[in-house]
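Multiple structures are listed underneath, in structure tokens.
Two complexes are shown next, each including chain A; its partner changes from chain B in the first to chain C in the second.
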Partner chain A sequence: MSVNKVMSNKWMIAFYVLPALILVGILIFIPLGLSAYYGLMDWNGIGEMEFIGMENYINAVQDMKFWDSAFHSFLLAFFSTLSLIVYLAISMILASKIKGADLLRKIYLIPMLLSSVAIAQLWIKVFNPSNGILNKMLMGLGVENPPAWLANPDIVLYAIFIPILWQYAGFYILIYYAALKNIPESLIEAAKIDGATPLQIAYRIKLPLIAGVVKVTIVLAIVGSLKYFDLIYVMTGGGPNGASEVMASYMYKLAFSTNDFGYGSAIGFLLLVITLIVTVIVRKLTADKEELQY
Partner chain B sequence: MKKKAVTLFLVITSFVLVLVGCSGGADEGSASQDGKTIEFMHLWPEGSSAQHHKIIEDIVADFESNNEGVNVEVEVLSNEQYKDKMKVLSTSNELPDVGMTWAAGYLEPYVEGNKFASLNDVLESGLQDSFVSGTTEAYAIEDTTYGLPLELNVAPIYYNESIFEENGLEVPQTYEEFKQVVATLEENGVDPIALGNKDRWTGSLWYMYMADRIGGPEALSEAINGSGSFEDPAFVEAAAKIQELTDMNAFNAGFNGLSDQEAKSMFMSGQAAMYMIGTWDLPNYTTNEDVPQEFRDSVGYFKFPTVNGQGDQSSFVGGPGVGLFVAENSDVKAEAKDFVSFFVEQWGERSVQDAGVIPATKVDAESMDLPQMYVDVLNDLNNASNITLFADVQMSPDAAEVHLNQIQALFGGEITPEEFAEAHQEAMTSEE
Partner chain C sequence: MNRLGYIFLYLCLGLVAVFQILPIVWLFLFSLKGNREIFAGSPFALPQEWKWENYLTVWQGGIGTYFFNSIWITVVAIILTSLLASMATFAITRMQWKLSSLVLGLFMVGLMIPIHSAIIPLFNMFLNVNLIDNPWSIVITYTAYNLPITMMILLGFYYTLPREIEEAAIIDGCSIHRLFFRIILPMTTPVLSTIVIINMIYNWNEFVFVNTFISSDQYKTLTVGIQNFIGQYMTDWGAIGATLIISLLPILLAFIFFSNKVVEGISSSAVKG
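Moving on to the complex of A and B:
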């Protein structure tokens, strides 16, 4: 009872929210505002700033390299979203009381427990053109000139997508698995009595019931892909010659390698704007008229 | 009930741990209040540069015992992290009192932003004479020196003598002989050259040598500093020659996706016959106990060959590596300057003996017991007709970025030599 009393006081609510709000403000919103502001400057990050108005933003919009990197980011977003179907299928199988589901679930989760840098090192070794396990295997199968995965500008982007998708597989499988486990057994039983096939149960009953979770994961996958950085930075540094550059790595390169903090900040802010727009569009597209209830 | 007690216990312990963690940090700060503290940041972590790390520890300890009440606080980061941290610290005006910098292009924004102190007074107090001529100049802007160089490097081609012997090869003197060596190795299924071009400056070394031999050192320097042109036919030809080598499979497969570290391990495991790298790597082929003796004994080096009968073999690509700076806003500037001066003197001797690298200060090779390869390199260095500073160090950061990307594209066969030259010219002219 006393809890309800406290929570009816608006000031108390504000008081409890305040610490988190201050943290979010200081750590996220103020830096956001600052990077938008730095984007208006000609600044090498070291010396004096000089106000140049919208020049950085105009340059960025006309910068083909930026749009190339944006295209790569969107490709990643596309494949991440596509891969959700596979994860969903795997979760459905895991959730349907097969033998060893518990063990398999843990195996799928392992990549999530590794740090990005460790994953990058692992896959650098896998992709090594002459000593890597992948090419050794291909050569064993009789392929004469297996590709140099991280060196060929036509392949590198797709090669690097594999570990990125692999890295997050466990995360999505875990979410789907938890959601599927929440579906009351009685519903499935009822469907079975009505003569529904397993495929029908999956598609007509399970999927609609976890639609909310699926939508959230779609947004997570797209937003996560658009701002993706780690593996690209460690494995190729965006190379060769920009073939695997994504928006975040391009921003980093501008700010830290070419000493162009102003321009880098502008790109960073554009990255935020693009991600926001895409998020809104995705939410609109996946918006449902009616919420399904168990 | 029991569960609650356990949770409570955990919460309290973690709280105590946090508090202990905080107070530990506070202690460190207060210990220096009675004396002066010089913050010193360097980039030789114990793991990857054990010998360098040890020397620095010794020098710092000696300095502290020589100077009562002065405390040196050392922070170590690896190369890339170091560069990032420098940027972040300088934006908030919190550079360490003493740190490491690179020459020319890297140094410039810091000097323009008034972050580094002039070290002219340190040099004029007699230190200037102990440096090899030309080394401090790379850290000078308009007659003011902002860094004291520690290393001097050139990049020779190291080769595996036993692989050469097995294939009946001789050290090449000309580019034609060099191509013959490459072709023979390739035929016999050995990777001729280990190259890790993900790092890009590694490929740049090969191009620079080619350009130096065909176009001459002056033209190359002028092209790099913008007064000349990369569209000079000699440099286009140099780019074409690079592609000739890549077409011959002179470099290991997938070099554009491999780091220098990976290429090095190919060379050091005998998978590749040749490897070009700066003389900072000498210890791996001479004194480093972690490398098998057998391998160290089988490594030799040669100078980049002449091309089309042109070029001077004693012209090198190289230059000073890192140097020490003193921060302009340091509150212990006098002590910091004493420290860098002491550091440079000590470094000169110890780096030769303990680390086997070549310092920027003059070395008295005769009074020391040094590996033969070290002595040979030192002689070559002393007789060098020219040392062209690494292009990516010399160029402004923007132009360097273009250069390095173009290098990857050139080696990868994505562009023609003409396009390579054009892109450079465009980047250089847009600078002005």
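Moving on to the complex of A and C:
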């Protein structure tokens, strides 16, 4: 029997691909469509749905709480992108013939393996005003009245960003390190012979060579931040008084705390649209940068 | 570079390592102490009396059930995801059909979806088919949402398998099923171990789905269970510490024994946001 005939048997193809395709279709794609549809309804999750057209979406655009949460999400995205510079610097050091680099990058990675819930609970303790390790250390250094990190609306978002840094540092360092190790040693040697300083090598040779990877991580950092949920939900529930509310936690609260499923779905759909638009914009912007560099 | 420069660089790297590890060390230490010692003593002092009974108390207090649920849900979802992803990747990369690249595209779009945009409709769908507060809703959701990333990791491996293997097998009269299950699947063991590790980390740590779909204590997994549990033990830091350490232990052990696989898995999953 010919190989091509066996390998293009329709029944066999269906047998192998359909289980996965049906599961993804039902549990990922249908809900996305439904999310847009529910967004057109006035619905408490249990009773009858009532069609109200674009009202939920119009309300969302005028909802200051939604825009506040979106602002917080974008602020986190901005911080996350800035932090990439630090990770990049650490990776450059790590990849420059450091003994124990492999062990170090594994140690850096440990927080990334833990659940966001455990990380949140641990950092609630770290930030505890009187008994947390952070304030104990600050008081040991002579700081009087260190802040109540998670209870102060002015600093809560910055405080939350510390465990986010802690969680993802190892991940980005791992990616940059692998990319830097892929640069041929001969290129670096040639630059050294030409008299380039280590900083010049880092900025003029290594950075352009891993530009592709850096672009991917910028998209990851921004899109990841826009979707951020677990850690904030557990640490502060969006509080105090909405000061750390992000888009996903606002949506979740609307649906599962206030039972406004229609409005929650509309916000959920906007979250999807915003994420996709930002992904496209960031890809475009970073593509332009690359053209300038070469 | 001069010696002073190197010392400075090592110092920087060392400080980062300390920052990454210190909170976990502190957690472990206070999981073995009583409140009096935690509040009055120095944070990094070894416990004066090692209170291992903190662990026994929380285990008997209900963490055991959550732990067991986490294990079976994680394992079943890993098996389903690995099997279905391997089958679909096999059909897409090795079999000949017109729509294969379109279907692959569909799976890859699944990588970009924020789960929060789907969670309200999912909740309603499960409610309609009586799967709310049923652990199988969690198993199939984990399987579906991990399929795209798992296939992503498998693809590269499947594309590099030589054609001759299939040709030889089929000319010898081997059926497709035999070819896949007896020849191809065993050949993918190295990449299968990577996807098992990465799926284990995702499933073990997942929170939102369980928090939304499961309400009975008897079905909760560790991530959601420890939330309730910590609520009860609000003031007993030792018990909270012990609970968290128990929840971290399986992943940390996997990391100690298979660190290279974990590193490989995490870097190959970098496309997932």
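We take it that the second predicted complex is superposed on the first by the 260 of 294 C-alpha atoms of A that agree within 3 Å, B and C clash if a C-alpha of one lies under 4 Å from a C-alpha of the other, contacts with A are read in each partner's own complex, and residues count from 1 in each chain.
Note that contacts are C-beta pairs under 8 Å (C-beta built on N, C-alpha and C of every residue); 3 or more make two chains touch, one makes a residue touch a chain.
A quick note: this is a predicted structure, and the numbers were derived from the prediction, not measured.
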On the A-aligned overlay, A:31 touches which partner chain: chain B = first, chain C = second, or both, or neither? second
Contacts for A:269 in the overlay, against chain B (first) and chain C (second): which applies, first, second, both or neither?
second
Partner touching more residues of chain A, chain B vs chain C, is chain C
Original post:
Counting only touches as set out at the top, which of chain B and chain C does A:13 meet: first, second, both, neither?
Top reply: second
Check whether A:261 is in contact with chain B, with chain C, with both or with neither, and answer first, second, both or neither. both
- Query: Is A:48 in contact with chain B, with chain C, with both, or with neither (first, second, both, neither)?
  - Reply: first
* To do: Give one of first, second, both or neither to describe whether A:212 is in contact with chain B, with chain C, with both, or with none.
  => neither
* Asked: A:104 contacts which: chain B (first), chain C (second), both, neither?
  -> second
Intersected contact list for chain A, partners chain B and chain C 45, 130-131, 255-256, 261
Given the complex, residues on chain B that touch chain A span 83-84, 87, 90-91, 109-110, 112-115, 191, 197-198, 200, 252-259, 262, 266, 271, 397-398, 400-401, 405-406, 408-409, 412, 414
Chain A contacts chain B in the complex at 44-48, 124, 127-131, 148-153, 156, 236-237, 239-242, 253, 255-261
The chain A residues in contact with chain C across the complex are 1, 3-4, 6-10, 12-13, 15-17, 19-21, 23-32, 34-35, 38, 45, 90, 93-94, 96, 98, 104-118, 121-123, 125-126, 130-131, 133, 136-137, 166, 169-171, 174-175, 178, 198, 216-217, 219-220, 223-224, 226-227, 229-230, 234, 248, 251-252, 255-256, 261, 264-265, 268-269, 271-272, 275-276, 279
In the complex, the residues of chain C that touch chain A are 1, 9-10, 12-13, 16-17, 19-24, 26-27, 30, 38-39, 43, 84-85, 87-88, 90-92, 94-97, 103, 106-107, 110, 112-125, 140-141, 143-145, 147-148, 151, 166-167, 170-171, 173, 176, 180, 201, 204-208, 212, 222-224, 226-227, 230, 237, 240-241, 244, 247-248, 251-252, 255, 259, 262-263, 266-267, 270-271, 273
